[in-house]
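Contents: one structure, followed by commentary.
Chain lettering (A, B, C and D) follows the sequence in which the chains are written, and residue indices restart at 1 in each chain.
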Amino acid sequence: MATLKPYRRQRARGGVPFHEARMDLRYSEADERFRSELRAWLEDAVPRFEDSHDVPSADDLAGRREYDTAWQGTLFEAGFAGIDWPAEYGGRGASPTEQLVFHEEMARVGAPYVGMNFVGLLHAGPTLMSEASTEQKERHLPRILRGEEVWCQGFSEPGAGSDLASLRCAAARDGDEYVVNGSKIWTSYGEVADYGELLVRTDPEAPKHKGISWLILDMRTPGIEIRPLRAIQGSIEFNEVFFDDVRVPVRNRVGAENDGWRIAMVTFSFERGTAFVSEMIAVSRATKELAALARKVTRNSATAWDDVALRREIGRLAAELDALWALVKRNVSEAARSNQPPGLGGSVLKLAFTELNQRLSELTMQVLGRAGIARSDIGGLPLDDLTEKALRSLSLTIAAGTSQIQRNIVAERMLGLPREQRTES
Amino acid sequence: MATLKPYRRQRARGGVPFHEARMDLRYSEADERFRSELRAWLEDAVPRFEDSHDVPSADDLAGRREYDTAWQGTLFEAGFAGIDWPAEYGGRGASPTEQLVFHEEMARVGAPYVGMNFVGLLHAGPTLMSEASTEQKERHLPRILRGEEVWCQGFSEPGAGSDLASLRCAAARDGDEYVVNGSKIWTSYGEVADYGELLVRTDPEAPKHKGISWLILDMRTPGIEIRPLRAIQGSIEFNEVFFDDVRVPVRNRVGAENDGWRIAMVTFSFERGTAFVSEMIAVSRATKELAALARKVTRNSATAWDDVALRREIGRLAAELDALWALVKRNVSEAARSNQPPGLGGSVLKLAFTELNQRLSELTMQVLGRAGIARSDIGGLPLDDLTEKALRSLSLTIAAGTSQIQRNIVAERMLGLPREQRTES
Amino acid sequence: MDFVLNDEQAELQSAFRTFCDGRFDIDTIRRLDAEGSSVDPDLWGELAGMGVFGLRVAESEGGVGLSVAEAVLVFEEIGRAIVPGPVLWTHLAAGFVPGAVDGSAVVGGIDLGDCAGGPILLEHPDALDCVLVLDDTGVRLVDGEDLDSAPVAVPLDPLTPIGLVTHLPAGDELGGAEMARRLRREGAAFVAAMQLGIAESATDQAVSYAKEREQFGRPIGSFQAVKHICADMLVRVEVARAAVYAAGVTFDDPTLGNLERAVDAATVCATAAAHANTKANIQVHGGMGYTWEVPAHYYLKRAWVLETTFGTADQAADRVACDVGGDTST
Amino acid sequence: MDFVLNDEQAELQSAFRTFCDGRFDIDTIRRLDAEGSSVDPDLWGELAGMGVFGLRVAESEGGVGLSVAEAVLVFEEIGRAIVPGPVLWTHLAAGFVPGAVDGSAVVGGIDLGDCAGGPILLEHPDALDCVLVLDDTGVRLVDGEDLDSAPVAVPLDPLTPIGLVTHLPAGDELGGAEMARRLRREGAAFVAAMQLGIAESATDQAVSYAKEREQFGRPIGSFQAVKHICADMLVRVEVARAAVYAAGVTFDDPTLGNLERAVDAATVCATAAAHANTKANIQVHGGMGYTWEVPAHYYLKRAWVLETTFGTADQAADRVACDVGGDTST
């Protein structure tokens, strides 16, 4: 008769201690040693950094650049920049799980956020590591880690959003230079960035995915004009960038000519994989703060907390966040095992997390009630922060691939449903 | 300077009393007279009918036919059959608003439901009135009204659901007969119906919408085989019907040969327009009963009613139902003004009402809690009725055009969005 | 029963829509935003000239003499055009606050029920001549000069500047609890009408963008995902419209049914429509949707402000539940 | 940290899935339904032989000696195959109710907390040798012979027959409040595992139907409306899986965190996944979905039964909220 006993015996025979062999959520001793070291350093470093640097306002781009890069430099000096980057570029060469510990500890003490180093550290850097020439890597990676180079992204165009591959920004070869004409949009921090990761069309005759190249763009090159765009929450978060005969050396191309689409896809897998670990920790904290707020805010004779419907939704969101955090750990474990960037699981995470984040925003506005019509802190309520987050959350189901596009990806690539009948010219 | 005053003055000048000229929810005096008459009759007729007829069980199809047609006959005798049908076919020739009053009063006293007369009274009958020959109308319409003819519907096929126009059930012309071969599905009460409204393909070569005809099928014709299908709630609600050389006289065709698709569309506008007026009244009553139930059901130390989340959802559903009822009145008013069957507004109503109905079901199961795992009345809880409704509600977003198809209709025909790229062979 | 607009009502609404299209087009909204002014004297005068404030005041008293059902049609258009300023409060005040009917007095207001337990916030504080104050016991009128408020640096809706009231004098009593109840009920109905207008405008914006914007070689409105978002927007609008118009008609003919419940149903449905549709409009617009390049954000923000004006949808749903359940305890 | 199944765990799960595919295929489910029997002695024996009841009992006591995390994998498959019968209660009883470990005693159970205020209902009443009864004060064992119940003519789930308990004797006390809490917590975790399996199976069924079924000349799964329904199903499954496996791992290593909260998170996510996915599966199947021609309805009904077994998702969410808010009052 069939039995499940062999599965127990087999393991016993293998001689591997039971608790090490199985699915495990516990950080390793090495991870915990790293945590202690980092925690000890942060305890001293964060207050010291905050004492010597004023937090700039959202509109002060130069100030934010200065602040964000200074913190990155501080991390680098202490050996905490690029936890999972190879040591040869100044990284720590540690495991993905240590990277996770890093995020946890940074969030725990409320250390400065990655800020303007976002594109360099999380998009361009990993792409260069995977696809660039040795010279390109040596030129840029250490400077990104040290906070000496700020990057921005030039992928989307006004006419090429969800259909990114239809981009038209053209790079015509002229000797050992490309001459770039066209425009890009959603380039965060374009005004103060040093470099941009730029997708251009190098072969207008080829099928749309086949004629694209990936360039390193020096943002100080003549012919670049920047028009700031105001985001829903009111601050300037991104720009439209216009290119008028902008000359980019051919040696700044990453990978082969016309192979840029494949390279960009590498970036997206990073973007979808771990990009919101920090945000997730922030949201987890926000859920706790919302509960505390709900217990304080009175509405008529009771508190918002006394409204079971609101309270239960806080519980639901917290429960789902716990689940998503476990899902991150699974994704990280898979990445660690396979030594590959996180895969399609990132789309699942993005769909679930962005929707959860928006539900949290709606709930926050409900708890705030009438006070939420103001965006400056009054009556002891952190309205500035909460309303800004609530408005900002509306971008989450759009930026970096709309939820509609993510559902297509999940359905077609993970579930194997037939591809959309899309016109691919 | 521009001013809105002329709009007031213009009306005053017109001499029409203010309260009669404007948008109005009040039934007319004629409607109210009809209501009094009907109410007086029902007060006596319903108990008398119920005394002399046992309510048959869900599985007793013959019994249900007998019961439903007997009630229809009773209505006819009293002059209350086919309120808005022309007098020449035995109807009352009254207005759509009186039809609405009829539904309200029937629901108010819990009179027997239309039941098996559904297809005849609400689908086939109106279609015949609009499209059939005088002879066909005279033959069938009075008998439908008197409860002497029960109809079923043979439109969908196993391979033609949402894509109804791809139907393949073939009718080959043989002299003055069609020879029908193929199968149909979802024919409610097929076993006990006298006639069926049948869509068949009469020109296999034509584009799919162009080769369809609409036939009156005598269900006693040889060659018809019926396979009952069990619905999710457990009872036999519909059938698959197989046709093996079934001969239908050409004179039983309604409208021109190959014009059946257009005629079927007429039916659908009825189906979507007023088909759920009775159900809506039933749901409104169910909401009230659910509130009463929630106030009785105890969960630990409190009642379900004490759970604000559940109570608020009851309030939301009731509020939305009020709105849908007003929407019905608007649709009926429009139909009365234009003397046309209800239009696309029916798709809006169907989308909103079916979803609301399912939310009510979910809420009902939540209020029932653990008791809902039983479907027989126990502990004073009407579990039989409530669980049956909850299960049955799952069909609502599918039957008579799925919600997905309804959204296509709303988007394409009401909002003018571009048509789906569907292969139309 | 004839629950569709009659010709005159349709003309009234269409005339006011034409007025708004001309005077409160999106460029004007952007200009007012840039100038930080929510009440422009010229535009306010034009609103007064149209009769918006005296819409329900008898002709003999300088008003237009329309019914609530017709005023609802006008407020639907005010919502559709996100007309800024304390239009609703001034309209509510017309008839008993001198100068309101012809707009010469700009009247704001505070429903203390909305602020219960939180800071007391006043919309358009700098533009007001006087302020109506409602609470459970009655209605008071406070002179704008006598009330102290600190400006809130950033309001949620750029076109609804906010002041934090630091001193609220007692003012003059205008009426008791019954009058407060009536004003709240009327206010809630007109807020629902504005939310309906916002939900409609969001639908129109999304649908026209979906028809124009191409991706993957086709208009995005040909993709089912976008198409179905738009269809659901229209469903919410039609449901809300039925509820809002029914509430208006019930005001004018209270024997039709429970007026409070009709208003609550309008609040529940119109709030849901405005909230979901303004969000869906942003989603359909993609990246552009969360910038100030397209007006979608103004609509979302206005809808959020209106959600807590004269009571929330949750409060309305709770009351409807109690009515359905025959629960008189709350 | 390595939060993926190791090879042996994957093999364990796959072996048990193969077993279920063979023994509890849909024809068997239909046969049991037709026969009105939820506990077939031969199949029960095979479950016992596989070690399902003694999964977590030490080998020295006749069990398999696996951990909770691994038992969770087995219960996920029990859910996926909608294996009928009181498998969970007998599993929970193994180790302290004689005969449970080898299936020779069929053990049912009642959590009086689930029935609070309502009728006391017992699943599979005719098949039980004895019944565990949990309440806040402890755990009792009642002999099946001593308990009176009236059969309920129609159960919600055709494979979960129900009896209305008319006489519930005191029985023998097996343990106190702490034991009751432990059994409830374990029970809730395994229910969540079964709901996960149901949600997965519903997704598989919907996806394969969407690939096969053609309308308008293409598989319905090529339409975005259907495609996105399926994508959302997978998202719910993956979120639920993370929560359910995390709860299992936390049982085995309680120092990882708050065990009650981990179980509650699993309940919230797995209940939502099973509820929404079984409903979505019916919608994707169209007309067929609400007939007995396809198994979709069995899954929906089982999911509904499990929703009120060892506490509801609402109760779990309320507890998580109190934990997040530091509210110890409830």
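Definition applied: a residue touches a chain if its C-beta (ideal position, glycine included) is under 8 Å from a C-beta of that chain, and two chains touch if they have at least 3 such contacts.
Everything numeric here is computed off the predicted structure, so don't read it as measured data.
> Please work out which of A-C and A-D is bridged by more C-beta pairs in contact, and write that pair.
A-D
> Using each chain's Cα centroid, which is most distant from the centroid of subunit C?
Result for the farthest chain: D.
> I'd like the Å distance between the centres of subunit A and subunit C, where a centre is the mean of that chain's Cα atoms.
39
> Cα centroid separation between subunit B and subunit C, in whole Å?
About 37 Å, centre to centre.
> Could you tell me the distance, in whole angstrom, between the mean C-alpha positions of subunit A and subunit B?
Centres of subunit A and subunit B (C-alpha means) sit 52 Å apart.
> Please output the residue numbers of subunit A that touch at least 2 other chains, ranges allowed.
Counting only residues that touch two or more other chains, subunit A contributes 307-309, 312, 404, 407, 420-421.
> Mark out which residues of subunit D touch at least two other chains, giving numbers and ranges.
218, 223-226, 228, 314
> Could you pull out which subunit A residues touch subunit D in their complex?
1-5, 7-8, 10-11, 18-19, 21-28, 31, 97, 100, 287-288, 291-292, 294-295, 305, 308, 311-316, 318-320, 322-324, 326-327, 329-330, 332-334, 336-337, 345, 348, 351-352, 404, 406-408, 410-412, 414-421
> Show which residues of subunit C lie in contact with subunit A when the two form their complex.
113-119, 121, 123, 152-158, 160, 162, 164, 215-218, 220, 223, 225-226, 279, 282-283, 286-287, 289-293, 297, 300-301, 304-305, 307-308, 312, 314
> Within their complex, state which residues of subunit D touch subunit A.
1-6, 8-9, 11-12, 15-16, 19, 46, 49-52, 55, 59, 64-67, 69-70, 74, 203, 207, 210-211, 218-219, 221-222, 224, 226-228, 230-232, 234-235, 238-240, 242-243, 245-246, 249-250, 252-253, 256, 261-262, 264-269, 314, 316-327
> Over in the complex, which subunit A residues touch subunit C? Could you list them?
156, 160-163, 166, 185-186, 229-232, 234, 297-300, 307, 309, 365-366, 369-376, 378-379, 381, 384, 387, 391, 394-395, 397-399, 402-404, 407, 420, 422-425
> Contact residues on subunit D for subunit C in the complex?
223-225, 228
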